[in-house]
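Presented below are the structures under discussion, each in the form of structure tokens.
Each of the two complexes below includes chain A, the first together with chain B, the second together with chain C.
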Partner chain A sequence: MRRFGAVAAVGAGLVVLALAVARHPAGAASDGATVTGKVKLVGKAPANPAIDMGEEPKCKGKYTTGPVDPAVLAKNGMLANVFVYVKTGLPADAKYPAPSTPVEIDQNGCLYHPRVFGIMVGQGLSIKNSDGVLHNIKALGKKNRPFNISQPTNMVTQRPGFTVTEVMLPFECNVHGWMHAFAGVQPHPFFATTGEDGSFALKGLPPGTYTIEAWHEKFGVQTATVTVKAGETKASDFTFTAK
Partner chain B sequence: MAWWLPAQASTFAGSIDKGFLAILIITGITFVLVEVGLIVFVIRYRARPGRKAHYTHGSTPAEVIWTAIPAVTMVILGIASNGLWVKIKGRSSVPAGAYTIGVHAKQFEWWFTYPGPDGKLGRVKQSLIDKTSNPTGLDPDDPASKDDIVVRNQLHVPTGHPVVLYLSAEDVIHSFYVPQFRVRQDAVPGLEIRVWFEATVPGNYELGCSMLCGMGHYKMRAQVFAHTQADFDTWAADRAAKAKGEGTS
Partner chain C sequence: MNALLLLAVVVSAQDTTKGKEVYVKWCAGCHGESGDSKGAAQHYMLPQPRDFTGAIYKVRSTATGNLPTDADLMYVINEGLPGTAMPAWKARLSDAERRDVMAYIKTFSSFFSDTSQHPQVLTFAGEPSGGEKAAQIGRQFYDSIGCRKCHGRDGRGDGPSAPTLKTDAGDPIFAANLHQNWLFRGGSTTDQIYHRLRTGLDGTPMPSFSDLLEQKFLTEEELWRVAQYVRSLSPEKAPEVRDVIHAPQMAGALPVSPDDSAWSKVDTYYFPLVGQIIRKPRWFAPAVTAVWVQAVHNDSMIAMRISWDDRSQSPDTAWLKFTTKVLNIMAGDDSGPVTAELWPDQLAVQFPVKLSEGMQRPYFLMGASGDPVYQWRWSSAPRRAVAGTARGIERFDSLAASGGFHGDAVYDKGQWRVVLTRALATADSTNELQFAVGRAIPVAFFAWDGSNGERGARMAVSTWYFLALDRPTPPGTFISPVIAMVVTLGLGMLVIVRAQRRGGSGGARRA
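Let's look at the complex of A and B:
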């Protein structure tokens, strides 16, 4: 009898848990909607300044042509490294667990890879030094607690990540002033960074009306409002103008 | 010039070296006398059978002498070097017409701001510092800042012409030091500190931070290029032309 009671209690617990999960899906819903789009750049893209890496032969040796600061990556009118995310519209009480896999930021060739990325609140951050020279990564959070880590050689440092939403949270290297990266810290998984073709996709969205924001380090932000039904895919393009 | 010292490459260098050598000789002789005396006393008054140690108050005249000699020596050195000190660090020491360069120190870099064709350095504000676009905090509202040239880890100076640096620090205390120029000056957060020199020998030197400032202190180095005036003018004109197109580097 006692055994039956224990099984019943566990079963009831599982049912309650399943109902809770169904109400607020943990992560992107499998039948969720998708918002896709492309980010375009109109006008002449500003030239990225050349970087003098003469002080770091190990980094300089990784480039066949002179390295440049990749602040604006535009190809065929499409803009890369734009952080696109759902700014508003998700249920206020929805909770999205952070993935157990950390986001990796690699210092390679005395540049950050990736330069622009998203990370969920509570998701780990893996900081890698592939250069074998001193890097000093500094996270300059205004809402999140800043940190400052020296990595004198090839190594990986695990960080617990960030605690609150912040767009964008800049990173810099104190040793190499040209090194910059930007993280979009989000409480949900509905974010993406545009690739070389300027495209992005926000998948698994529950039905609803959303404000989508696109952020670029040089051209600022743009927003769009999109309404999606369950399983629907909608396009929402953004256009930045180079001045 | 002592062969074991860095090359002399500024107008101050010879005088600084003379003062350094004078102090080294005085302290060297004192060091030898003290150490020899110590060894002699250790041997002469060592423990031996039949000899009993006894307490002595010492000698007042001896104490007065060995206190007065260093004190008088210090005062003489201070008076003798005062002229040089005033020439380098005095309030009115910067020669008229000195070429002005802004120096911004931060962990672990040096940022140099050169006046553009207008010959004037723009106003800077720490609050305007932007890591990606304005590393020294130049005020865009100041017309003098429009043509300023900002360069990372490269100090270019003309030879045969005085140069005055305005030092600032962003985070902790750093120290500007070019051994060949015999110039060292702390850069302190919240202060704008002036230091000047006149390079005499064209060449490439190294600027190092001489104040331990963190993990990357040893990486806080910059190249120093002492040009002839003609070469310097060419470099400045070239940088000014490039700055119009590409911003900082």
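Let's look at the complex of A and C:
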């Protein structure tokens, strides 16, 4: 009975701790600072190449207009699918536990969704095949070990994810040579991928001076230095130029 | 003391200083001094030499993405990688040298010293017994798990995704032709094929199928069936080269169509081809590994069927990027850069212009200016066959078709089958070989895969072999053994019956 009580107490303690962690995920303290901004594209966006999905009617059927490889998504001068992350500036000894929910990448219409995403070191990766056609998923890690698995039908495969920081870690399908995705593997949760409006927000940052990097698969990288105080929100825009 | 002993054991087992000596002498030429595959020979081979710095290996016993075991590395060092420039070292280096060089190779990548890496050696259920249905069931799973996407409907590496395949480094790579298991990188047996299905071939497009077992999409037995099916596509034994093509004499018309059923009754001869590396531009990446040849004749004509596996029916725009990549990698050769074009597939069958009495033959590489050869040349586009005279690689003069020279071809799921026919004797005996029954007629073969960038001197070649038009077998050859058997049997019976009568206690009498 006494032993049960002790176990219960420890258990309750763990629950409280878990709730506390859940309420205040790593770094997202109430006094956390935010770096927000927009990523712009100046110049004429290059046309995305058309994809011939003739061999895969199941995928082709998911498009009303001819599918294209969406390498550059720019609308009203705003650039989507830019990976923005804190490159340096966090306390050297800071440790950020990976979320227990995995990142999901879906193969739908013989394209990856999302195409550009962040994932924490140690965070699981859930790979989904919504196409019902054979895909192989090859992760071409250089700092991380690579892998290459197959999904011949509609299914979900759980992978353990990655062990060290890597920007960016490419994914490809060799059955459909046009399929590309890019993962930014980070030891912390301060990363975001720009949406259609080109905007991003890195929330819950501790006060400090940070090097923020913005990465795009066609236009390379841009960096900015931002200093934030506790609770402060600062804007930092990036501009890529299409040649 | 114990520590010292342990150290001594470690040092004697894997000595990286000695390993480096072996490496520099035997390996660095291709794999590079620093193991990054930037060796002197890198423009002379495709597949390219392994880059050891990434520690990504095709042939493993471990899960995809895992490091190989020492035994995995030793296997490749010992046996080499068939179908590539990597030779087997077991007969060339001592056990100690091979172990040392294996240890040294591991020093090129920090992954091997990373203690967080725990290669997971996969354990397998043993091969289920085969039986007639095994390959048939395997074929169904071959289709359902999508193997044909790269390896093709019948497994000749001609699937719809084949032209876009690339290695991790971005080099073009062929899907394996599953009909030639003697060229499988990781070995030819059903067990080795099953290993590759489970582990994948890391660094290549070939994925691991282990996850499908864990997810119960396939049972282990079903995946074994795929391996058994793949194994069944290749012959029981790797084909052997026989120097003389025997062309039997047939009564009546010859099979002139490539898919005439008569060909199934004619013996097939295998001749391996190699890259033409004597004259510039040299060619170190031939796609056609061999030709299979059959020949028949009657009293006036000869027909020869040449079959070879080719992943593409060239010219094919789907392969143009592949062609460009192949040519770019091989451009380090002294021949200079070449722009890829839509080239056809081609074949040449070569004979001397005249049969000599001695062993003299023209230069095998298409003769020479003063020493011509007689050739049959076939091309996929424009689809035609011409006979002519070659005087070296650069000069070919077609002859006005005489003797009813004719070619017919089919391309079928990764294979060309071409039948060339001609009269044994022609009007132009000055320039055209006159085929004679009972003589050893020198013959050689050349093949080009246009989609692999092959044209002109960039080709696959054989050496001289022989063609023999056999005389008809006299009917007695078949009948006399039968008579002999009957006579022998009869005499035997007579002896037995006599012996039984003499003994007076024959079982036959009592019955």
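Methods note: the second predicted complex is superposed on the first by the 216 of 243 C-alpha atoms of A that agree within 3 Å, B and C clash if a C-alpha of one lies under 4 Å from a C-alpha of the other, contacts with A are read in each partner's own complex, and residues count from 1 in each chain.
Everything that follows uses one rule, which is that contacts are C-beta pairs under 8 Å (C-beta built on N, C-alpha and C of every residue); 3 or more make two chains touch, one makes a residue touch a chain.
These figures come from a predicted structure and were not determined experimentally.
Bringing the complexes onto one copy of chain A puts chain B in a clash with chain C.
Within the superposed three-chain model, A:Arg145 lies in touch with chain C and out of touch with chain B [touch as defined at top]. Once the two complexes are laid over each other on the shared chain, residue contacts for A:Thr153 go to chain C alone; chain B is not touched. Once the two complexes are overlaid on the shared chain, A:Tyr63 sits clear of chain B and of chain C alike.
Contact with chain C, but none with chain B, is seen for A:Thr163 once the two complexes are overlaid on the shared chain. Using the contact criterion defined above for the overlaid structures, shared-chain residue A:Glu217 touches chain B, although it does not reach chain C. Once the two complexes are overlaid on the shared chain, A:Glu55 sits against chain B and chain C alike.
Of the two partner chains placed by the overlay, chain B and chain C both lie in contact with A:Gly177.
Between chain B and chain C, C touches the greater number of residues of chain A. Once the two complexes are laid over each other on the shared chain, residue contacts for A:Asn136 go to chain B and to chain C alike.
Of the stretches 256-264, 472-480 or 490-498 listed for chain C, only 256-264 runs into chain B once the two complexes are overlaid on chain A. The residues of chain A shared by its contacts with chain B and with chain C are 55, 134, 136, 140, 150, 152, 174-175, 177. Remark: chain A residues 47, 49-52, 55, 71, 134, 136, 140, 150, 152, 170, 172, 174-175, 177-178, 180, 217 touch chain B in the complex. Interface residues of chain C, counted against chain A in their complex, comprise 54, 56, 64-67, 111, 116-117, 144-146, 149-150, 160-161, 164-166, 168, 200, 202-203, 205-212, 215, 217. Listed in rising order, the residues of chain A touching chain C in the complex are 55, 133-134, 136-142, 145-153, 155, 157, 163, 174-177.
Looking at the complex, you find that chain B touches chain A at residues 106-109, 111, 131-132, 135, 152-153, 214-216, 219, 221, 245-249.
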